[in-house]
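Both of the next two complexes hold chain A, though its partner changes from chain B to chain C.
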Partner chain A sequence: MKKSLFIYVLIIISISMIFLFWGCPSSKQGAVSGDVASKVYVPPGEYDEFYGFFSGGFSGQLAVYGIPSGRLFRVIPVFSQDPEKGWGYSEETKPMLMTSHGFIPWDDAHHPELSQTDGMADGRWIFINGNNTPRIARIDLTTFRTVEIIELPNSAGNHSSPFGTENTEYVVAGTRFSIPIPNEDISINEYKDKFKGAISFVKVDNKTGRMDIAFQVLMPGFDYDLARAGKGKSHGWCFFSMYNSEQANTIKEVNASQNDKDFIAAINWKKAEEYIAQKKFKEFDVQYAHNVFNEETQTATSTMKNKVKVLIPEECPGLVYFMPTPKSPHGCDVDPTGEYIVGGGKLAATIPVFSYSKMIKAIEDKKIDKTIDGVPVLNYDAVIAGEVQEPGLGPLHTEFDDQGNAYTSMFVSSEITKWSLKDFKVIDKIPTYYSIGHLLIPGGNTKKPYGKYVIALNKITKDRYLPTGPELTQSAQLIDISGDKMKLLLDFPTIGEPHYGQAIAASVIKDKSLKFYKMENNKHPYKTSKEEDTRIERSGNVVRIYMTTIRSHFAPDNIEGIKVGDEVYFHITNLEQDWDVPHGFAIKGAENSELLIMPGETLTLKWLPKKPGVYPFYCTDFCSALHQEMQGYVRVSPANSQIKLAWNTQNKK
Partner chain B sequence: MKTNKHFKLRNFIKNVGGYKVISFLIFSVVASLLLFSACGEQKEEVKEEFLVIKGTKIGEFNPEKAEKGAKIFAEKCAACHKYEEKFVGPPLGNVFKRRSVDYIMSQILDPEKMIANNDTTKALLKQFMTQMPNQHLSHEDALSVLEHLRAKAEGK
Partner chain C sequence: MQNITRLIMIIASLILLGLYFLPIWNISLEAPQFPEGLGLYINISSIEGHKENDLSSINNLNHYIGMKKIEPDSIPELKVMPFIVAFFIAFGLFTAYVNKKWLTATWVVLLLIVSFVGIYDFYLWGYDYGHNLDPKAIIKIPGQSYQPPVFGTKQLLNFTAHSFPAAGGILLGVSLVLGIASIFLFKKTEPKSNNLNLMLFLLPLLILFSCNPEPKSIEFGFDNCHKCGMTIADERWGAEIVTHKGKVFKFDAVECMVAFYLDEKKLNRENEIHSFWTINYLKPKELIDATKAFYLKSSEYQSPMAFNAPSFKTREERDKSIKTDKDIPLDWTSLVEMIKKDWID
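The block that comes next holds the complex of A and B.
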């Protein structure tokens, strides 16, 4: 008896104590300190510290992750059609994928580049390159949508792109393949004589972000690989790495690795502006598409342009210099002060660090070894600040922290090497899993890096995740750099190949994020402002259906009088005016994707009915308890039918 | 048997430290209950009808305002509300007579809070099943819609 009472008392005490000491059960738990998991754990409902924008590689898109959690928030469609979002399928977005080669549904996107003000990422736009059919895209960071794509003439393989200057005066684009310029039907064996490499400087309007090709520099026929603009003291210059100074056009694996040194080119773009002003350019006839998404009409237009200004180095002294760089350099990165330019010679045993001040002095003192196609080659010893010894194998890319350190990715030895900008000595190394390409530090390409983390962007994951057949994910690895030793915190899979990425403090972007499109600002030519205006208009075989959506019905939802051979356009306006209430639209048999219509937006789906019958359509994005009821029918009659257009939504009063 | 139990209990209490223990136990249970109940305070507080907007004043009938309200109603409300018949939501032809002006204003301007807290709105959601969207009207536009509904109800 005594014993059971004692237990009873104990239970009461313990329950009381739990409430006393635990407090309200709903209150959030503080993160447990000390272990690795707590450093990347973002509790449910809380926000990450950084936005991470990683290229989607051969998916052609741009992925948005939270850092440090590694959670994927959104895949922004850029160069590839995306049926999930109707990108490149809706009539409004199709023009975004137009090029001088016609409609191109795919590309390979490598290097996201945040816009900058005074050398700091300002969170207005992010640019990314299309590698295969050379293009640059601009994404607006209030809507997280691609709003502009410009094609690059005279280019072939837009890899060296779209790195920007410190106030985003320009984003640049060097060609990975040299080609005949103008392009013509000649033998590939004429490479050495006829092939050239074009480097484009794309002007970005400071207010609107609108891009325009200001000029191109016609460079020797090498392979232009990566680039970085100068900053601070070196603002006004831009640096481009290149390989294949051998000018090989076959088995480049061997033939482009013969020379002891290739180059980093330094282009003085302020000088270029002077030459343009003096009209020292040649105008080339070209063809390139410029596609702009108009936020007001919510519709993209594609314009074909046909002229480009070209500067020839031989005719423009002081415009370009070559700095000899060991063994097929890849990365070409500028430190936060703008003084050091770090080359990543993928086959080199050391990392060369060039000095901007020494380069300027070498130019003044004419320390020139030779000239190639009018480009002076500066003396290596006159421009080098130092070499990082024994960094590892296969140095590629370098980013910087806020403590005067540099971090270089080592592809062959799969590791990150941390070294000091003071004495170029190696401080620390950490393995990556596996075959790291680029790496990123939040703000690591700017004047003031945030530091805190380095993220390895890996090509190969082999045994890191559950196997998924022959095709495996690529990955990112989050590494803590706040202490003396680098410390691995997290692995997470990425979409496509995450070539490069950039991260920015969430606070710079999150409060500017658009919640919905205001109906009164919607100037779409086929907008329907209210349900009573919904209607159907026929002009010959073109039928336009002015439709609206609101939780949870379409208006109209019963449509008759459509005939086989008609060209039907569903112009659908989402009348909702609240955050996160898109409606979807899909109709049976459409050779197209769904539409996903944001609140206040109008989108158009083209439909070509082929057989008589009744066709259902429905909302694809779960919108309310009665989402499943959000559906309708279209009756399709034979081509010669006399059935008149009719529609209704029980909309009598 | 009973007395025997009581006797044993008293003995037990004495054995483990007497009435001090009892009072400590009572204290801790009461204290923890108080603390715990504080967590649900928000719900307890609402006794009178919950509203987001209070103290709405309507003056003399303003036909221009009502006309503006009719236009807004057509764009933002009419997809779901008719005047005489049930549709996606309740008919609004005489809502001006049926509900208080504060209720109407609250429902237009913050339907999410009303659905969470107002018993009338909760009951309506059960009946109609579709959550009313927030159409983000300005306060002034909501007053115009109110004036339009007033015109409808009063036959002006």
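The block that comes next holds the complex of A and C.
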């Protein structure tokens, strides 16, 4: 009996194993609990506490969100054409997208950077880089429009940009790709000998915001990744992370990941100013576009420039130092006091924290291990303040709160690690969904962070939202950092790829926001001040239609005498002088886009009629009860037709 | 009685047929970026992903750490295995026909040897993949190898790797156990009891059902403590009892759970409890097995009911969290005793 029991038990165990290993399903991660909804709920009609500016990545745009609600307010077109606003399609804005390579209607926008005064975001402008065809744009925060774009010569991918100094004396631009400088037709295998990386310092006029390339520093042929300017005690320095110190030019994912240490470069820009004053620069012949939107004429102009001042580190001692940094650093972030520089080695197991004071001492004491192309490499132990142990995997980017803590994004382990600047010990970790790139804390790059929230900017969303085919949204995650433990509050989708973002208290910006353009300030050369002045002028095959809009009609709205082969310009002035009353303009067969004309603004659409017939045009933006009636016709006659120009409006009989 | 052994051997042989359809081993990988999961099935003649492209995804991930590509075509064992299994089926059926104890024993021993050799072979392949890394790998962590576990769970960088027998492997185990049972039955002379027969069918079902009682996540700020009635608000504190019937009792801290448990014990109802769970202090909201957790009695940590004993998943985490020399490290048993002594009595 005992034996048979044993056997049965054996059999039973064996069959039971089938059930035991069946496994039980797991539940969804990152559920929130408690009353988080109230923490992100902004009641209808009320305002968010912060503006959030998130880069649109490969959409080339900049998105404006409300924080903490995560509501999208506006997408500001920057480097990419935007048919919604006619940006890059209207004659006024086309010059904004000119470069030395011609009209480039797209770019890859990564890092928004708010202008600063005394180390605090002042809400005047926001800058953003175009990574592909190297550019920096400036957006005015009274109009939320791109008002200036400057191209960067000698650069081949503007990634470590446009990080600014504490009074926005400069915004910087380090090249992600090194190239032959001056660029020439040579073998790519000559990388090690001939390729260089240019770092540009773009001077920003404190009053007008106008940008100008002050000088470039010609650095060894590495890949320049991210940057931060010093602040407080380290004001006058700017730090740049770099990888590919191996100087590989193929299969970089492997070949540029071999060295145990790459570098963070420290550039003394005050020293650079001295060298420039002493005329220690070389002038290089280059070509780059500088595009400025004139607020008075409401028209952009593009100017091609052809000289740039270049400093060579070998000839300028004390200008640049390298600090060895583990494994292909990405982030290079300066804490609110300006003392610590935090490196984020993508492939490193620790986070190195450098000390500015130790760096200065190491320079004084000549703690130099070697020199690369005239750049002294400081001794790692002489400059390091500490290392954060076991922070997670794939540290990328660090920002700071108002309590002396740092928050580092961990791409590989997909989490945010909070650690203390006092002892470099990890305090807390929170998972992100999924694969966080940069993160942001309102004011997290300034002298006085607002703290309160950290926002994870994620690369991958997978199962977080309703699926939309193979192409999914990227996302942001709002996390409460007011307590000891980080708490996930909200997921919200973002446009393009939100590489980086910055947030600023809404109160700094909102009251300065422009409501409409005043007609009397409109100095557009093709402006029409009142309906009586509307007219059509022909000069050869160029036809200029001076048109106005006011609720709810165009003037003129019946146009005849246009011929096939004509080059027709609709110069449309929106005569409205009230808030939020734009009019749109669209005409059948236009090869560009619509126009969206703000009150008091004049915009121009170019139209090339190809076939005789009658063509309707209409207002695209729902402007009033009789918006549907806001329409008109253009008659197009054959090229050899004798029909005279004629137009009518309701006032002209 | 002889027919029984014959029947069992026939079953033992025929269930091996399942190996042709069902995976033998299952390696699954978990990482935050892969909420949909990622994994490999080792079949009798192939290695394939849980999903269509998992194998290529895994190979692609492995290139970061310099691991060789897993190419099923280059693994000769996969070509031989179908024949080995076929041999055991044929030999097993022959054994059933002959129905001699020594032959059955031979079959069992041979199958055991082959199984262990197979597992050892699996280990060797894993060792090779995990250690034989490209010196130019993108991610190099000194001393880190990436050998997947043969049996069990292991953390490999951001991935948690699980390796367990899959349905086919379990069938193989069942086959072995049946073979062993058959050997013993040769000596058996007593008639079998009907009750045991019934057990044979019921017990696996019972075990199946016992899989169901699972902890439910605590809704912080919403759920109330079953013992003291307070809202469970702090995500670092909380506990849960799950009964065999799947009923869940939530508590705001371990002391309330233990108090409830001791009450149940007085009523002789403690057998209804299936499992004890507690919140991992370092990973808020995460429920861990309370009987295996590590505790710390420390006034540095303020628990909702002031017994002040945070729970930790591992001994290391607990030991790291000790702040003063007055802190007392505890395990489940000592925790229960201390709560009984200091907090209740």
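In the analysis below, the second predicted complex is superposed on the first by the 617 of 653 C-alpha atoms of A that agree within 3 Å, B and C clash if a C-alpha of one lies under 4 Å from a C-alpha of the other, contacts with A are read in each partner's own complex, and residues count from 1 in each chain.
The working rule: a residue touches a chain if its C-beta (ideal position, glycine included) is under 8 Å from a C-beta of that chain, and two chains touch if they have at least 3 such contacts.
Here the structure is a predicted model, which is why all the values come from computation and not from measurement.
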item	value
Which superposed partner A:254 touches (first chain B, second chain C, both, neither)	second
First, second, both or neither for A:514, with chain B first and chain C second	neither
Chain B versus chain C as contact partner of A:435, first or second or both or neither	second
Which superposed partner A:555 touches (first chain B, second chain C, both, neither)	first
Partner chain in contact with A:460 - chain B first, chain C second, else both or neither	second
Which of chain B and chain C A:506 touches, first, second, both or neither	neither
Residue contacts on chain A - larger count, chain B or chain C	C
Doubly contacted chain A residues - partners chain C and chain B	1, 5-6, 12-13, 15-20, 24
Touching residues on chain B, where the partner in the complex is chain A	5, 8-9, 12, 15-16, 21, 25, 28-29, 31-33, 35-36, 38-39, 74-76, 78-80, 82-85, 87-88, 129-131, 133-136
Complex contacts: residues of chain C adjacent to chain A	31-36, 136-141, 157-158, 164-167, 170-171, 173-174, 176-178, 180-181, 184-185, 187-188, 190, 192-193, 196, 199-200, 203-204, 207-208, 211, 214, 217-222, 233, 235-236, 284-285
Contact footprint of chain B on chain A as seen in their complex	1-2, 5-6, 9, 12-13, 15-20, 23-26, 516, 519, 529-532, 548, 550-553, 555, 575-578, 581, 624-626, 650, 653
Touch list for chain A against partner chain C, complex	1, 3-8, 10-22, 24, 27-29, 31, 33-35, 253-255, 257-258, 347, 349, 393-394, 412-415, 431-435, 460, 462-463, 485, 487
